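Shared between the two complexes below is chain A, which has chain B as its partner in the first and chain C in the second.
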Partner chain A sequence: MNTAKLYLHSMGMLMKSQLQYPVSFFLQTLAQLVMEGGEMLALILVIDRFDRLGQWAAGDLFFFFGMMSVTFYLTECFGRGITGNFPYLIRSGGLDTILVRPRGVLTQVLCSAVDPRRITCIAVGVTALLIGSRLSGIRWAFLKGLLLVEGILSGCVLILGLFMTEAILCIHSVKSVEFVNALTYGGRSACQYPMDIYPRPLRVLFTVIAPFAMTLHLPASCILDKPLYGWPVWAAFVSPLSGPAVFLIIYVCFQKAMRFYRSTGN
Partner chain B sequence: MKAYLSVFHIRRKMELQYRGAMLGGILCQMFFGLILISLYRALYASKPQELPISHVVSYVWLQQAFFRMLLASDPDLGDKIRTGSISYDLCRPMDLYGFYYIRIMAQKLTGSLMRGIPMLCFALFLPRGWGLTLPSSPPGLAISVLALILGLLCVCALENITMAFTMRTLDAKGVQAMLNLLMLILAGNILPLTLFPDSWQKVITLLPYAQLLDAPIRFYTGEYGMDRALRILLVQIVWVFLLTLLGRLMWSRNQKRLILQGG
Partner chain C sequence: MSFIHVEKLHKSFTVLEKRRKGSLFRERKTVEALRDLSFEIGRGELVGYIGPNGAGKSTTVKILSGIMTPESGEVTVGGRIPWADRREHVRRIGVVFGQRMQLWWDVPILDSYLLLKDIYRIPDEKYHARLTELTEVLKLEELLRTPLRLMSLGQRMRAELCGSLLHRPELLFLDEPTIGLDAVSKLSLREFLKWENETYGTTILLTTHDMEDIAALCSRVMVLGHGRKLFDGNLETLLERYDTVRTVKACYENPSVMPALPASVTASREGEGILFSYSPGETPTAEVLRLLQAAGDLRELTIEPQNIDHLIAAMYREMDL
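Take a look at the complex of A and B:
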């Protein structure tokens, strides 16, 4: 409980400090809007030219896109401590100051940053979800809403976990290891579209190793009433749990890796 | 001229230093390329288009290979402006605009060639339908190289305009990010310009951003034939001229009213 209070308190303080430069903040928020708006424009143009993608109609594609961007940017907004410069903290030796304080490492890292500029990206994602829901004529029910929330939340946890792998590798190699970006940012790009359109190696990568398909696509396809991979409905409720599961595995690895942590000095 | 050449060599050597980062960058870029190509292949399987898929695939590979030409900016200048050490550059007996122009050119050229050539070699050997196809014709390749050089001049001029904004506002992260994103979209990095709606083609291919990579790629794939070569190259030259002129004006105005940040 104390941890949650601490997190909320530091979020409040960080927000306040970011708002000290209102013009810069406004322009950067606008830039985020242009960025995610550009991605959505690309989707609109693709739909304009191709109409559909395999079994998925235009509305379904909007829905998948929206689900990915809401999940990814919620994580970037509230988990900025981990998705931002966690590797840099290790490289620069800044982790030392965290180690001497009487709180967990992850708690403190999570409390160290927030990125409210992402709000416009999340707004674009929500818009895409609404358009998708309208175009595909989704009949909402309580269970479907629950599934949407479950998918998004477990997706957030999964993305946090994937970003932590870079920090783990950084403990061992000191240098930042950019190819992990292939899983995080690459996952975001690839999984804006439903997974079943990709060739097998990519499908395996994003279903088993970095299970974006399990956490986001199965619930989304269940909400759209079009089964992905032909899996049954109950699978859509169970599969998002793979997100927290992956996070747990990576968390244990992180704890193990911390024993090898040697400060680089500062 | 000699001074500019030595600035070029210094920056080129600096760009060559980080080989590990380069390898990571290549792998990442190739992975992104493969994702995009799988997506377009799936889209084509649903609804084939007039434009052959091999053109789209080549477009994606060339965009990924020269990604570094679009997005590489001089990180030093921002710091120099914020700390006031730009005053040292003002003392140099050379034109400031030219100094930064040549620096950014060395960085973009070295960065993109170092990453691009290994990537393109790899892409040439991929199976049919996944890899880069050979250029449409030898003269097409020659003109596309020429167009690429003009594109490089264009992107360096654009970068200098962005830097001029940085000088004005000190913290130009917002403006910079927006201009860069505009570039990624309108240069065809996020979605090939050839896949934009047909009715837009006339306008978007005339914009400066289309001159950077889109025009050279279209010469490479044979989308632009020899008969249109002169017209397209002329458009490119006009843009290089206009953008350099605009950048120069902005820089000289900035230099007149530059306030140094003391420290």
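Take a look at the complex of A and C:
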């Protein structure tokens, strides 16, 4: 409970410090809207041209897109400490400051940044979800709502984990931004669309290794009553747990890697 | 057992060499940062830790504060192994890095302190008492609502110190705290450290390049070079043993003058003047000055202040490193 309090306190303070530069904050928030709005525009163009992709109609595509946007940008907003400067923190030795304080490393990294500018991206995502729900005529029920929340939350945890791999590689003094970005930002771009439109290698990558399909697409497809890969409904409830599972594995690796942390000279 | 106990400490880093032509991988080289370092520090001591860049000072501090793990050796601080029991350990220590700010940049320092209060779980009462006391001694009352980024370097250092002492650590590490500070700030910083040490018996380990810091504060000095302890004792002994070379610079009205001095004095031209190095034990300073004056019309005469680099260089020579 104390950790949650610390997180909230930190978030409050960081928000305050961001608002020290209100014009910059406003403009950047606007820029984020343009960026994510552009992504959605691309989707609209695709739908306009093709009408449907495989078994997926326009509304379904909006829904998948919205699910990814909301998940990814919620993570970027509240997990900015990990998705943002974490590798730099390690390369620059800024982690020293964290290590001399009596709290968990990850807790403090998470508490070190917030990115409220992403609020517009999240808004775009929510809009897409609403449009998708409307167009596809989703009949909402309690379980479907639960599935949506479960999918989004475990997706967030998965993304945090994937970003952490970069930090781990940094501890071993490997600079590997591109490789990890292929999974994180690449995953976001690719998995805005349902997994079954992709060729097999990509499907394996995003189902098994970076299981976006498991955390986001299976729940989404069940909510749309068109289960992905034809899997049963209960699978949609279980599969998102792969997100936390991946996170846990990476977390253990991180703790092991921390023993090799060598700081930097000063 | 003493408060800080370090025995046979080893730490080495592997660095990648430049890739040789024709070989696929870069070769790895091991650099030993600390070799066989042992020392004891008692509770309430104020110890100066000096040595050239790369000697291993920061590495020692990082190991003692639980940031890094050594290869081998025994370290306990107050009975605890720093890296094994990091959280329990860091609750009792404070660390100030001279070149790295630990407080939050854009918010008033008071907000930073409130967050630190949460991080260290300091009870309200203790926090307020300590904050009042520290802000008074460090003269921070007026600055509490100022963000760190608007402060001068001296103010920032004071704010950092306050932040690192809020939780009443038993042990304080200071890594080059006076770096870049002006004379007044340096003096007040030293005064504060003395106060904290005397009032609360806080053990302080201070790394520095500033001889004045040591002279003003530390009853004990440890000198480190190439990862080894070269000296451990009080400043007077250190000076007696190693501060054997003095340098005088003389400028004559007539630049071609070259005074005749005993063979033990070495002379070299530097710009318009001449640099003389001698050891007062062999040739007394008075004698050197007399000879210099007798040689011609002196325009300027400077006796170079003793500095730490000199000492270390002398020590290296003696220990054949």
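Everything that follows uses one rule, which is that the second predicted complex is superposed on the first by the 261 of 266 C-alpha atoms of A that agree within 3 Å, B and C clash if a C-alpha of one lies under 4 Å from a C-alpha of the other, contacts with A are read in each partner's own complex, and residues count from 1 in each chain.
Basically, a residue touches a chain if its C-beta (ideal position, glycine included) is under 8 Å from a C-beta of that chain, and two chains touch if they have at least 3 such contacts.
Every value quoted in this text rests on a predicted model; they were computed, and no experiment measured them.
Peer 1: Given the superposition on chain A, are chain B and chain C in a clash or a fit?
Peer 2: fit
Peer 1: Under the stated touch criterion, which partner chain does A:C253 make contact with: chain B (first), chain C (second), both, or neither?
Peer 2: neither
Peer 1: Touching A:L153, do we find chain B (first), chain C (second), both, or neither?
Peer 2: A:L153 contacts neither chain B nor chain C.
Peer 1: In the three-chain superposition, say which chain, chain B or chain C, touches more residues of chain A.
Peer 2: Per-residue touch count on chain A favours B.
Peer 1: What is the contact status of A:S189 with respect to chain B (first) and chain C (second): first, second, both, or neither?
Peer 2: So A:S189 only meets chain B here.
Peer 1: Examine A:L135 and indicate which partner it touches, taking first as chain B and second as chain C; both and neither are also allowed.
Peer 2: After superposition on chain A, A:L135 lies in contact with neither partner.
Peer 1: In the overlaid three-chain picture, which partner chain does A:A31 touch, first (chain B) or second (chain C), both, or neither?
Peer 2: first
Peer 1: Quick check for you: in the superposed arrangement, does A:A235 touch first (chain B), second (chain C), both or neither?
Peer 2: So A:A235 meets neither chain B nor chain C here.
Peer 1: Just how close are chain B and chain C at their nearest CA atoms in the overlay, in Å?
Peer 2: In this superposition, no C-alpha atom of chain B lies closer than 13 Å to one of chain C.
Peer 1: Quick check: in the complex, which residue numbers of chain B touch chain A?
Peer 2: The contact residues of chain B facing chain A are 20-21, 24-25, 27-28, 31-32, 34-36, 38-39, 42-43, 45-47, 49, 171, 173-175, 177-178, 181-182, 184-185, 190-191, 195-197.
Peer 1: Looking at the complex, which residues from chain C come into contact with chain A?
Peer 2: Within the complex, chain C contacts chain A at residues 13, 54, 58, 62, 65-69, 86-88, 90-91, 93, 95, 97-100, 102, 104-107, 111-112, 114-115, 118-121, 147, 175-176.
Peer 1: Which stretch or stretches of chain A touch chain C in the complex?
Peer 2: For chain A paired with chain C, touching residues are 2, 5-6, 9-10, 13-14, 16-18, 20, 93-94, 96-97, 99-104, 108, 259, 261-263, 265-266.
Peer 1: Contact residues on chain A for chain B in the complex?
Peer 2: On the chain A side, the touching residues are 21, 24, 26-28, 30-31, 34-35, 38-39, 41-42, 45-46, 48-54, 175, 177-179, 181-182, 186, 189-190, 193, 197-199, 202.
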